[in-house]
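Chains here go by letter, A, B and C, matching the order in which they are written, and residues are numbered from 1 within each.
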Amino acid sequence: MNSECRPVQACVPTAVGVVPAMWAVLRRDLRVSLRQRQDLLNPLLFFVMVVSLFPLGVSPEVSFLQQAGAGILWVAALLSTLLSLDHMFRHDFDDGTLEQLVLQPQPLYLLVLAKTVAHWLVTGLPLVLVAPMLGVMVHLDGNSIAILCLTLLIGTPVLSFIGSIGAALTLGLRSGGVLLSLLIIPLYIPVLIFGTGTVNAAVGGAPVGAYLALLGAFLVLAMTLAPFASAAALRISLSNS
Amino acid sequence: MRLMWQFFHKLGSPKWFYGIAGRWLPWLLISGLILSLAGIVWGLGFAPKDYLQGNSYRIIFIHVPTAFLAQSIYIMMATAAVVTLVWRMKLADMFVRSVAPVGAVLTFLALFTGAVWGKPTWGTWWIWDARLTSMLILLFLYFGVMALAAAIADEKSSARAVAILVLVGVINIPIIKYSVEWWNTLHQPATFKLTEKPSMPAEMWVPLLMVVLGLYLLFGWLAFVRMQTEILYRERRTQWVKAFVRP
Amino acid sequence: MSEQNASAPLLQAVDLYCERDDRILFQGLGCSIVPGTLTRVEGPNGSGKTTLLRILAGLHGGFEGEVLWRGESRDASRESFLRNLLYIGHRPGVKALLTPLENLRALMSGRRELDDARLVDALERSGLSGFTDIPCQHLSAGQTRRVALARLVLSDEPLWILDEAFTAIDHDGVAGLEQLLASRVAQGGAVIVTTHHALALPGMRRIRLGQESHCEF
């Protein structure tokens, strides 16, 4: 029994600060992901396979691939993220971890922010890391590949953040996966447009600093607003269970 | 202030709203029909020809009002979503649910008429014009709202979840519009703008305005009818509905 | 009630009304949770025991009425309320891929900073000696539940809400848990439980759900 304070009622439980609590959430999520290596690998394999469908299904011609390459990679990254979103809260929901997260004294949106960052680290970041290889396979030149990776680096976290809203809204619903895609795809369009547009501008030799800054603005916006919406949606989904 | 609160409170009562809506319905329908029919007949039959596009431009008397209304319905839904989240008013949620399909149909009509217009103007049914593309994405947003509304069984959870989605959507609409326009300049500068030219003669814009207003009134009528149905369904276990349905 | 116990109620429910799938679970339900008491929520399956606990814990929002924390609106003093609440639900919040030690560390991480020795000690006292480093997917249901219950040993929250606390726990475990609850109550803690187990502690209060929901003190 707790020997430090009795009677129990007299003690005021101290809470851990916000930052350590966010760290703890992040660390636990990463640890769980690392215990399921295959799950880590799946979105990545999906990404590679989807990209390889385009030369096979449309055209392996160098000129086509150079022109469409950035778009192909971006669409594949988007689909791959979309597939992984369903897991974002599902396991936590099933085993009760999510209830405990909601009942932590720290603000929920910050804890959700930490969870989303964890999601990006295990699904988005690997995509950015293999993108150069795929960039070579679609005949992009070195500079374009660098810009492409940069746009993915800024853009994939936006995908995770916006996606977290959909994942939270569809939590616990039977039709989860497809519904989630329906809700989220329209919201992904601006990121997709600027992601590929920036690379295409770079291919055309135009300066891309302003476009990258705009993508950065998307990231800041998504990072500050999406966790609020996701936290609210999580409370609703839990309330419904 | 107190009066306003009372009004607000009353507005929260589905029974009160049901009665009020019933009294408004015939007026909305009649005035809406008269205005929009008159506008359409004037526009299609009597307004002058466009010196560039000839008669084919006349579809703007349908296209512009539907597109206009389709967009403003989403804004109205977002306003209702705020009311749902802040004051938890049932009627606001019923409004969102009732008008989302209406918005989707109007968006589709705007796209369809745009395509019909595109054929003689551009020589092709569909063109990835910035406005058309934005409307297409708006249609997707409507589909998302309808799908989520249908997926959650619990009334209260569904109301709040849909409200969040609508708000997230409305924050995204300007971003989507802006990025689609940027994307469009990157690929193909639009040859024709789909909406009015700056110097539109009164014989053109007056009927256009009439159709827009008429369509708003018809929308109001349809929204009220659909909300009444929704009210009867949701309040089916209350005394007043039982008494109303089986007098 | 306040004559017997000088201390003010921790948690009060006022005029709760809740329906689910067109069925009224309870209406006009009121109760107040005072320090140093154990309250058992009783009722047949589907009578809304879990829902009531989730409403009290602030997880379920689909109800009418009010829940007060130390006399104030719970939603207004949410942070203070959550710092004082320990809730263990049907689903215990234990991750199958993590070991009991990692799970307990994660569960406590938002509340108190504890060194591993304390955590291991708590797990051992909850009957998990020798299992602290084995991923929970290899443990039995009862053992998994004990991981969550190890939080009780470490808890300094004055209010416990335990849903089906005794599920899947073996005979000895139940006895130990009963003892833990009794001594907690004796120290001034407040406990709300649901259980199908024949729990009878002296001074136990009941909230009966079903045909006629009421509180019985």
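Convention: contacts are C-beta pairs under 8 Å (C-beta built on N, C-alpha and C of every residue); 3 or more make two chains touch, one makes a residue touch a chain.
Just so it is clear, the model here is predicted, and its values are computed rather than measured.
Engineer: Looking at A-B and A-C, which one has the bigger number of contacting C-beta pairs?
Structural biologist: Higher C-beta contact count between the two pairs: A-C.
Engineer: Which chain is the middle one, judged by CA centres?
Structural biologist: Smallest offset from the overall C-alpha mean is found for A.
Engineer: Most remote chain relative to chain B, going by C-alpha centroids?
Structural biologist: Centre of mass proxy via C-alpha means gives C as farthest from chain B.
Engineer: Compute the distance, rounded to whole Å, between the mean C-alpha positions of chain B and chain C.
Structural biologist: 49
Engineer: Which integer distance in Å separates the CA centroid of chain A from that of chain B?
Structural biologist: Between these chains, centre-to-centre, one finds 33 Å.
Engineer: When the centre of a chain is set as the mean of its C-alpha atoms, what distance in Å lies between chain A and chain C?
Structural biologist: 34
Engineer: Could you say which residues in chain A touch two or more other chains, in rising order?
Structural biologist: Chain A, residues with two or more chain partners: 236, 239-240.
Engineer: What residues in chain B touch two or more of the other chains?
Structural biologist: Within chain B, the residues that touch at least two other chains are 154, 156-157.
Engineer: Return the residues of chain C touching two or more other chains; collapse runs of consecutive numbers into ranges.
Structural biologist: 61-62
Engineer: Which of the residues in chain B end up touching chain A in this complex?
Structural biologist: Touch residues, chain B against chain A: 85, 137, 140-141, 143-144, 147-148, 151-152, 154, 156-157, 160-161, 164-165, 167-169, 171-172, 175-176, 178-180, 182-183, 186.
Engineer: Touching chain C in the complex: which residues of chain B?
Structural biologist: 154, 156-157, 237
Engineer: Across the complex, what residues on chain C touch chain B?
Structural biologist: Within the complex, chain C touches chain B at residues 22, 61-62.
Engineer: Hey, which residues of chain A end up touching chain B in the complex?
Structural biologist: Residues in contact with chain B: 165, 169-170, 173-175, 179, 182-183, 185-187, 189-190, 193-194, 197, 200-201, 218, 225, 229, 232-233, 236-237, 239-240.
Engineer: Please give the residue numbers of chain A that touch chain C in the complex, ascending.
Structural biologist: Within the complex, chain A contacts chain C at residues 1-2, 4-16, 20-21, 24-25, 28, 31-32, 35-36, 91, 94-97, 99-100, 102-106, 111, 235-236, 238-240.
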